[in-house]
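The same subunit A turns up in both complexes below, where it pairs with subunit B and then with subunit C.
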Partner chain A sequence: MELFLQQLANGLVIGSTYSVVAIGFALAFTVLRVINFAHPDIFMVGMFAGLAATAQWPAFGLLVAMVAGAAGAGVVGFVLERTVIAPLRGRDVLMTLIGTLGVAIVLQNGMALIVGPDPVAYPALLPRRFIDIGPVALTVRQVANFAICLLLLGLVSLYVRGTSYGRATRAIAERPDVAAAFGVNVARICQITILLASMMAGVAAVSVGMLYGSASAFVGLLYGLKAFICMLVAGNRYFEGVMVVGLAIGIIEALVTGYLSSSLRDAAAFFVLIGVLYFRPNGLFGSYNA
Partner chain B sequence: MNFAAFEPVVIFTLLNVVMALGLYITALSGQLSMATAAIAGVGGYTSAVLTVKLGWPFLPAVVAAALAGALVGTLLALITLKMRDFILKLTTLAFGEALAVLAFNFDYIGGANSFTGIGLKTTIWTALLATAIALYVAWRFDASRLGLASRAVRDDPGAASAMGISIAFMRAITFAVGGALVAMGGAIQGHYMLVISPHDLGFFVSLNFIIFLLFGGLQTLWGPVFGAVLLTALPEMLRFTNEYRLILYGLIIVLVVLLRPDGLLTRTPTGRAIRILGYTLVPARPVASRASELSARPLPAYLLRRQAAE
Partner chain C sequence: MSELLRVTDLAVSYGSVPAVDGVSLTIEPGELRVILGANGAGKTTIIKTLLGLLRPRAGQIRLDGQTDLLRLRPHEIHRLGIAWVPEGRQLWNTLTVVDNLRLGGFAEPDKALVDRRIAAMFERFPRLRERQDQIAGSLSGGEQQMVAIARALISAPRLLLMDEPSLGLAPKVVRDVFGLVREINKMGIAILMVEQNARQALRVANWAYLLETGQIVESGQADEIGRKESVQAVFLGGHA
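== the complex of A and B ==
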């Protein structure tokens, strides 16, 4: 029972990160009909932007790192949207995938050129101390990571459901042509969506870098595929669904690691994907354009 | 000029052409499989097990590998039959990853430690022969009624179905023929690399083949050939740029996607077809006129969907 609760908590922590990256994927795919394969690498850029900022101003710690992460990822995301994603909108989904994949290759190898191909130590922004919650022991960093990710998810939910921009976003997701006919500035909302997704990924990236104490130019690959699966399992009709599935997949992976073997961990997500798509081809919560 | 130094590049280029052609045939019926690497891996493992564990000679093992690829391809086509566009592509992705996981946990074929000890059988002539076979198959398939019917399914499944073409049959046959070519390429590659690991079956390897196709263009069979040759050789050609070469590689892909959205080679009529020895290399006729040819004559019985009882 203790192992179960402990793995549940670990799963929630890692799952919350999957959720944040998956939401970025889902926003791009739902609103722009674009598979943004560069998104995990924007995440990676945010991680290194945070690293650079803490090296520059070590006194301010986590906060300045997160701001820098958001800024760095946001700039890259915005430029990417203007130069590659916007011209690709409306094309076949696979073309957008290949185009953004090209960008991903450029980002990965460009960053590897700057920081070297090996993992780099990430500064310890929070103390390495354990907190006991009942039978479960978590580090301060794990708790902070979970809290940050949950906050980000809450903010996205608030934005999408509670603001006029969010309403426009959902309108475009449902019918871009009708939304445009009703006066929604589709191009502007698309820019904002990618910018938002990138900045979120940047903040989460700083928190993940802090959690594991290392950063690498190729860290995006790992999160990319998992987040992609989360989006597919959930379907893209409800952003909240993507969040829940992200947490669920984190938990499943942690339980598989705890009870079966860690070599099966990466397979677990794929088995969930095949199982869900077999019975619900449009994802657990339904999709707009499938 | 020292040819031996280029031999690996030439062989890998040729084998990539074989597998890209396999994926091209698979994609003819409208479904771009994202499990190419996994099917190539099935071929590689099959021929490796047959030659190493069971002592078969090289040639029968490759043939058996191609058959195994056809079988797995058909299975994949049947699984994804009812699914639509995007979900379908992703299910092929998941199928490939599932095969990779299977290979990872199956100790008979080496599991996570990879299958080692495969004999070096592949020479440049083997690769050339495989390329010739693949080109011939793809070329004949492309021009046959099967090819026309599968393009009809790709362009409009509803209309094709109304014309009496069985979508299930076309999907299965394109996946089978394509899978056979891909597995053949994978088997021969296995006998050159001498080791097959579960990682070779993964999504990112499959993605390479999709990039070959979309880069070269999906409209003619020369697109994938061109894409495979150029993109396999490109990182080598860019070697003088040293550490910038992968960045340049990425940039070139982005630029092609932005500037030539249908790929480098398209079917847009140039006014003149290239003819060599009486054969037309790039058919200048647009697809539409070929589709109307298809409807002008009755289809052979094996393409017809069984009529519902009145």
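== the complex of A and C ==
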């Protein structure tokens, strides 16, 4: 029972990061109708932007790192939208897919050129201490990561449900033509959406860099793959569905690690994907265009 | 009277297939005009082109005798006072009824005004007030059509484009919808409606166009058009 609760908590911590990255994928896919293969590497850029900022201003720690992470990732995401996604809008889906894949390769190898191909140490930012919650022991960093990601997810949910622009974002996701005909500037909302997705990923990346104490130019792949699976498993109809699946995948991975073997951990998400798509091809919570 | 909308020699194609071929029409403030035509005659294409959602191959669309709508994007056209009741409702099915209505007022910066207009819609359609927090996709066809019409009215348009508002509705609901069309028109809102239900449409309209394979083949006062033998044969089943 103790192992179960401990792994449940560990799973929620990493699952919350999957959720944040997955929401970025889902926003780009439903609103801009693009599979943004550069998203995981925008996440990676955010991680290094935070790293650079803490090196510059070591006294301010986590907060300045998160602001820098959001800014760095946000700039890359915005430029990507303006230079690659927007010009290819309305063309074949394959073209934006190849375009964002190209940007992903440039970002990865560009960063590897600057920082080297090997992982580098990430500053601690928060004290190395444990917090006991009943039978469960978590590090301060784990708790912080979960809190930060949960806050981001809460803000996204609040944005898409409670604000005028957020409602317009969902309206575009479901019926872009009708939204445009009701006064929504689709191009503008697309820019805001990518900016939002990228900045969130940047913050989450700083948090996860701190959590594991390392950063790498190729860190995006792992999170990107898991997040992409989360979106496919959930379906794109409800952003909250993607969030829940992110947390669930994190928990399943942690339980597999705890009870079976850590070498099976990365396979777990794929088993979930195959299982869900076999029975519900449109995802657990349904998809548009279905 | 100064004209509200003038369409001149409009031609729209899908790839190399012409859908609308040289259509001209006008509508004056407060009028209710109807375009009658069968499936595939080009009715929806005309509406979507007016909204800026389709780019024509040729022709002109002018609002108030001056504004060239072809230079504007859809959201800019909407802000000039044009609203849309799409074919088959096309509500945002995953959003609640009240969120659908709020989006109808997206372009209006005065949100308190939007709230007042939504309250007025709930006054007119008590059913929608009861269901305001349900997702729109869960409503019946007739209720969805009420939402679609209310959504279009929230922006207080000058011109309402209605695309087959009677499509797929029960006969009793169809009569309600046409009653509502007349009511909206009496409020001073000009309406351009496309329909297959010629009998009902001709009863509320003051002017009618007949569209066949992308071209207007007849136009005139609604009651005169209704008496024409060709129209009766095609649209009214031969016995009006």
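The rule is short, and it goes like this: the second predicted complex is superposed on the first by the 285 of 290 C-alpha atoms of A that agree within 3 Å, B and C clash if a C-alpha of one lies under 4 Å from a C-alpha of the other, contacts with A are read in each partner's own complex, and residues count from 1 in each chain.
Just so we're on the same page, a contact is a pair of C-beta atoms (placed from the backbone, for glycine too) under 8 Å apart; a residue touches a chain by one contact, two chains touch by 3 or more.
Values in this document were obtained by computation on a predicted structure and should not be read as measured data.
Chemist: Evaluate whether subunit B and subunit C can sit on subunit A together after superposition, giving fit or clash.
Modeler: When both complexes are placed onto subunit A, subunit B and subunit C end up side by side without any clash.
Chemist: Could you say whether A:Val106 touches subunit B, subunit C, both of them, or neither, answering first, second, both or neither?
Modeler: In the superposition, A:Val106 contacts subunit B only.
Chemist: Check the residue A:Gly183 against both partner chains and state whether it touches subunit B (first), subunit C (second), both, or neither.
Modeler: Only subunit C; A:Gly183 stays clear of subunit B.
Chemist: Between the C-alpha centres of subunit B and subunit C, what angle is subtended at subunit A's, in steps of 10°?
Modeler: After fitting both complexes on chain A, the angle is 80 degrees.
Chemist: May I ask you to decide whether A:Ala59 touches subunit B, subunit C, both, or neither, giving the answer as first, second, both or neither?
Modeler: neither
Chemist: Is subunit A touched at more residues by subunit B or by subunit C?
Modeler: Counting contacted residues of subunit A, the larger count belongs to B.
Chemist: For A:Met1 in the superposed arrangement: first (subunit B), second (subunit C), both or neither?
Modeler: Touch status of A:Met1: no partner.
Chemist: Look at the superposition and give the distance in whole angstrom between the closest pair of CA atoms, one from subunit B and one from subunit C.
Modeler: Distance of closest C-alpha approach: 13 Å.
Chemist: With touch defined as at the start, can you tell me which subunit B residues reach subunit A in the complex?
Modeler: Residues in contact with subunit A: 32, 82-87, 89-91, 94-95, 97-98, 101, 104-105, 112, 203-204, 207, 210-211, 214-215, 243-244, 246-247, 249-254, 257-258, 261.
Chemist: Okay, in this complex, where on subunit A does subunit B touch?
Modeler: 84, 87-88, 91, 93-95, 98-99, 101-106, 108-110, 113, 221, 225, 232, 263-264, 266-267, 270-271, 273-274, 277, 281-282, 289-290
Chemist: In the complex formed with subunit C, which residues of subunit A make contact?
Modeler: Spelled out, the residues of subunit A in touch with subunit C are 164, 167-168, 170-171, 174-175, 177-186, 237-238.
Chemist: What part of subunit C is in contact with subunit A in the complex they form?
Modeler: Touch residues, subunit C against subunit A: 48, 51-53, 73-75, 77-79, 83-84, 86, 90, 92-95, 99, 102-104, 106-107, 111, 151, 155.
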